[in-house]
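Take a look at these structures.
Both of the next two complexes hold subunit A, though its partner changes from subunit B to subunit C.
After this line comes the complex of A and B, so read on.
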């Protein structure tokens, strides 16, 4: 998905081809998601002699939400040709703060949620300033801040514990019905609005060619800082969802979200070279990542080989996506 | 507990040459069999491998062979993945779930859901905090306290001691440290000259010790939560010999030093978090499902040896690797459980029935 003004200028027959070529990552992600859903239902049906019901749908959605938010956050930064390794640290920090502060009432939980989201935004601001103002490499900056945020999280909650009000859990990740899907839909809608905004267009411009974007008057500093702050906020939201489903806090449970958010983004067809892909793809990628775990579980794959197969699936998806995407993009010329 | 690279387990698994092997499920499932699933958060170190092997071996031994249909899963120390796998177990409508958790709190939500659906959940080793799960463990505070007590007595309440701690942010690490602190407070003559993480991993403990040792004065005693053999190797490399009295975990390498290894011999106390906790959890699940034992938490004593009581072939194995955990079985007349070394190494069932002694009701 590039900001394209060229599409209108193309002859009619080529327009569809152009549209497919521009969105190939997203289309492939959708296809893989479809395969994953069908695969899960088939394997589940064979193993359990029945179809997945409300419990399976609800628990899958609830497990996926934190990753969906972390992946969309990661997506903003990846679109600027950056990468955020500190996602896991922000998730940890939000998780730890939630467990320590929320207490027993829903009102205090919601109030503190706002504070925690702001802390996430502040974490993103630090990353953004160092990357954009300090002109430092995102991978190095966020590797450093990852340790800092993890350290702060352990400081806040040295030993797993604390508590999350049950009402907050029911609000974010209701165990009885897949209401959490609403948050995913809202996130997708918010993304569509952002995509059409000035900042959204600038984001893609920077990712495609920073020098050209600067020459065209794009405010690089501002746009990058916005991207990192949105990323931090969404990572903090992921931490809140995680704390809610655990019903308590642990300052280390978020660590895995750094890698899995990158995996989700890549599976979702977002290019690590920046400027190509969308948050809708990242959402699909997060759902695929979650479904793979389910498929391996119900397929009764030997536990020793689970991470092996996760890696294989990821590589196949990326290689196939790259080959098909490359072929289609080249053809219309 | 015990963190390490999962990579190692994957490579070892691939070297074993197996492919897409299904988890062993019983050939014919008699309707009466209890479905018991083991959710293991992590398989990257030998402790967890031994633990899972013991579980596999027990499933092939009576009374479990005819009463239990078992399965086991591993989640790469990833809380959300383990939570998802437990959801899967709920969907499979198992009778009981045994959990070695990636986080003491991270799984509370899903365990409460399992409990609400009438599934028996027993957590062991890295236990969870929710009352919805029954707990089987050793006393981690006492673990740290006993190690510290021994060091304090050995050095006469006077001298420089280092503390090598475990993985930060975990309950086990905090409890063991608190246990130790409670002892140091009673001995003003003992000075804790440094305290650093060994992460329950011999390689990490060795690396961190090597980095910190040049800045330290003469060390009179070592208190180590895990990775003990690594700490001692770093002392030897830095020519800090003879080795000071050491209280540590049950690594085979540490116990080799107790009988003489790499030209050194150490006075030591070695306490193990026993991998057979899984067998106690399994037996408890079987008994509760059979309604022959009440639903209640169990704390078992930890097995320990000193340089005076260590026995070749029983509590130390010179021909085996240093990272092997030697406390896979209990010993003595009041043993909780006795099982052979091949069960721990390869998951091979032993002869006869397997008897696990739960505390008297």
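After this line comes the complex of A and C, so read on.
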């Protein structure tokens, strides 16, 4: 027995319209990135009387990679409606371990890299267990583990030093050409595969409405632990890139990554309320953040005022983005 | 009506369940045959939703158990999925910032290359599946947050039906649907029944129950009070409401003949149609009807939380604008909600502080509180309202629910509010304290307070109010005079499809 249809077929919302409205955060992040790139080229051109070349591109990419990885890590946790303040601690720990263990050969450096990534995953596991199993607030848990991981990092490398094999530096952040872009592309591809997996869908479901997700049979515990472990692993990767750039270790340089990864995620259109946004946006956000620092540098802004302008810029971006996003979503269909 | 096989598809035997001392179910039993539609009917709070959650494995009963085809069943979401149980909950479980297609296909997404989810194919798959169910007007590419409430309810139902459940539990699936959509749902229900699915559904609309149910079980106070193949509406309502102690209620005073202090003309808001209403000093005006038919919007609208979107409010002939609770309080309007924990009291603070908080300015001199005056006022109020407490310094949180209500009411009386909005104030309150609250309400009316009184308990409305307006789908559908009024008349006015004044 085929029942009556509930209504006649109505005209559908236009496909492109849906695409724009549902990805407005990502689109805005792309637009800001474009503006930042143009802004950088203009400022650089005025200052140096020439266009930025290979060297500038390479150094910009290399300085952006650690933040790109930290921001994507942060993005996993933010999508579950959580937040990870321990990112900086894990970056420090990875950085310190790299400087102490790697020695001189590329082989040993790569071997230790795997160990360090596993340590990062373990840090994430601790966060994930406390949050998901202990039902504690992510902000409190990761504030606590931030101090713990920082403490461990200082313990591993009490004073700046140690060494990173030059071959490892050339492999991760080659100073001659922007090869590091490859890592960013691989990260983006890995994300889009994750997005199309069971865990990826569950991650979004939890961020949308945890109670509903549970009622629908989503495994909350497993999914959250996966999110925090991926986050920890990527933060450790950020630490490795940072160590490779500096060619030595420092157990405190990673601290700033906690806040800048959150800034990058927000600029990338990922909602801190969970369930909305993507790691592609987080990557764009990390690139924007790096470019702003470069623009301020070439604009001869006093380094002491740098964070002042970063803050102003973040607020402008968030307010303007919110207004534009709100207008598009409210637009009559 | 198909023949009843010996073994029920799913059954509950004498299940009981309490939530924090409130008994939701007390030894309730039900058995549902395969290939039949079984309706659960009863007043709000009779335990229907709790029973559905127990059958669906979402909560574990304190006593008693569930059997599936005669075998004891395990509880839990995974187990219920294994048994082929599909549940449509009263609260929707759609994920707001995911598309209709993503919601519909959650957990069984189409896979493409490398075993990854084929996101691009999802809208087409969803569109096809919806079309097979006869749904062509909902865009699978839209976010669920952006589609209408009725459409969301249909998607929720479609998601469960598409899983081809052997046992289908529907908790008020029609609450947001219009007639045509209800007809669609019933078509789906009948098709599933003919395929052998056992179906349980709850509804407050008698016409729907009569149209689709093979068997009807009636619930009252957390237990089943009768199971019928056919039963008339009047008999069902008598069973649902039962009889209560007449002595519980104070003697009714005659309705006052004062000009109205508050008149509403054409006010409308979320879920309420334009309403007209006049409330006089000394009057207890009851608002009745089944939950979710606009009472809450009416009461909270009058208190400015949030205010009405249109219409006119007049107080003693003067136009009044109420856009926030501040406006309402200034006009002498007070709201006592059913959920005093989240909407009014500071549980860790003392009774005294809770009572005098809004009037501290009046009690202070040069910025310092006059403790003597405060104490006298607080002692007075505690005595007047018969708040049972050893001392005014007790934290409000340790009082019983009914006494907490009295504290909240006392606070408003101290602010010299003259219009009291009492919203289901006796919910979860024990019988003795209920009796005290009824006496208090009657006394306040005699003293000239104008009282708007909503209750989910029709018996209360019938015995306490001078007049009862029954709401259905946001409109007043009956205006019943209080003298000689029965709970049955109120419930029947609220449920009948073509309601008329008694």
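Following the convention adopted for this analysis, the second predicted complex is superposed on the first by the 315 of 333 C-alpha atoms of A that agree within 3 Å, B and C clash if a C-alpha of one lies under 4 Å from a C-alpha of the other, contacts with A are read in each partner's own complex, and residues count from 1 in each chain.
The rule is short, and it goes like this: contacts are C-beta pairs under 8 Å (C-beta built on N, C-alpha and C of every residue); 3 or more make two chains touch, one makes a residue touch a chain.
Model, not experiment: these values are computed from the prediction.
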item: Touched partner set for A:105, first subunit B, second subunit C, both or neither; value: neither
item: Which superposed partner A:216 touches (first subunit B, second subunit C, both, neither); value: second
item: Partner chain in contact with A:247 - subunit B first, subunit C second, else both or neither; value: first
item: First, second, both or neither for A:208, with subunit B first and subunit C second; value: second
item: Which of subunit B and subunit C A:327 touches, first, second, both or neither; value: neither
item: Per-residue contact with subunit A, leading partner among subunit C and subunit B; value: B
item: Touching partner for A:175 - first (subunit B), second (subunit C), both, neither; value: first
item: Touching partner for A:308 - first (subunit B), second (subunit C), both, neither; value: first
item: Partner chain(s) touched by A:66 [first = subunit B, second = subunit C, both, neither]; value: first
item: Overlap of subunit C and subunit B interfaces on subunit A (superposed complexes); value: none
item: Interface residues, subunit A side, partner subunit B - complex; value: 44, 47-48, 52, 55-56, 59-60, 63, 66-67, 99, 153-154, 157-162, 169, 173, 175, 242, 244-253, 256, 260, 290, 293-294, 297-298, 300-309
item: Residue ranges of subunit B in contact with subunit A within the complex; value: 6, 9-10, 13-14, 18, 20-23, 25, 40, 43, 52, 71-81, 83-85, 87-88, 90-92, 102-110, 112-113, 129-130, 167-171, 174
item: Parts of subunit A lying in touch with subunit C, wherever the complex brings them together; value: 1-10, 12-13, 15, 18, 21-22, 193, 195-197, 200-201, 204-205, 208-209, 211-217, 275-276, 329, 333
item: Subunit C residues touching subunit A - in the complex, by the definition given at the top; value: 58, 77-78, 81, 89, 92-99, 102, 106-107, 109, 114, 116-119, 134-137, 139, 141-143, 146, 154, 180-181, 183-184, 186-188, 190-191, 194
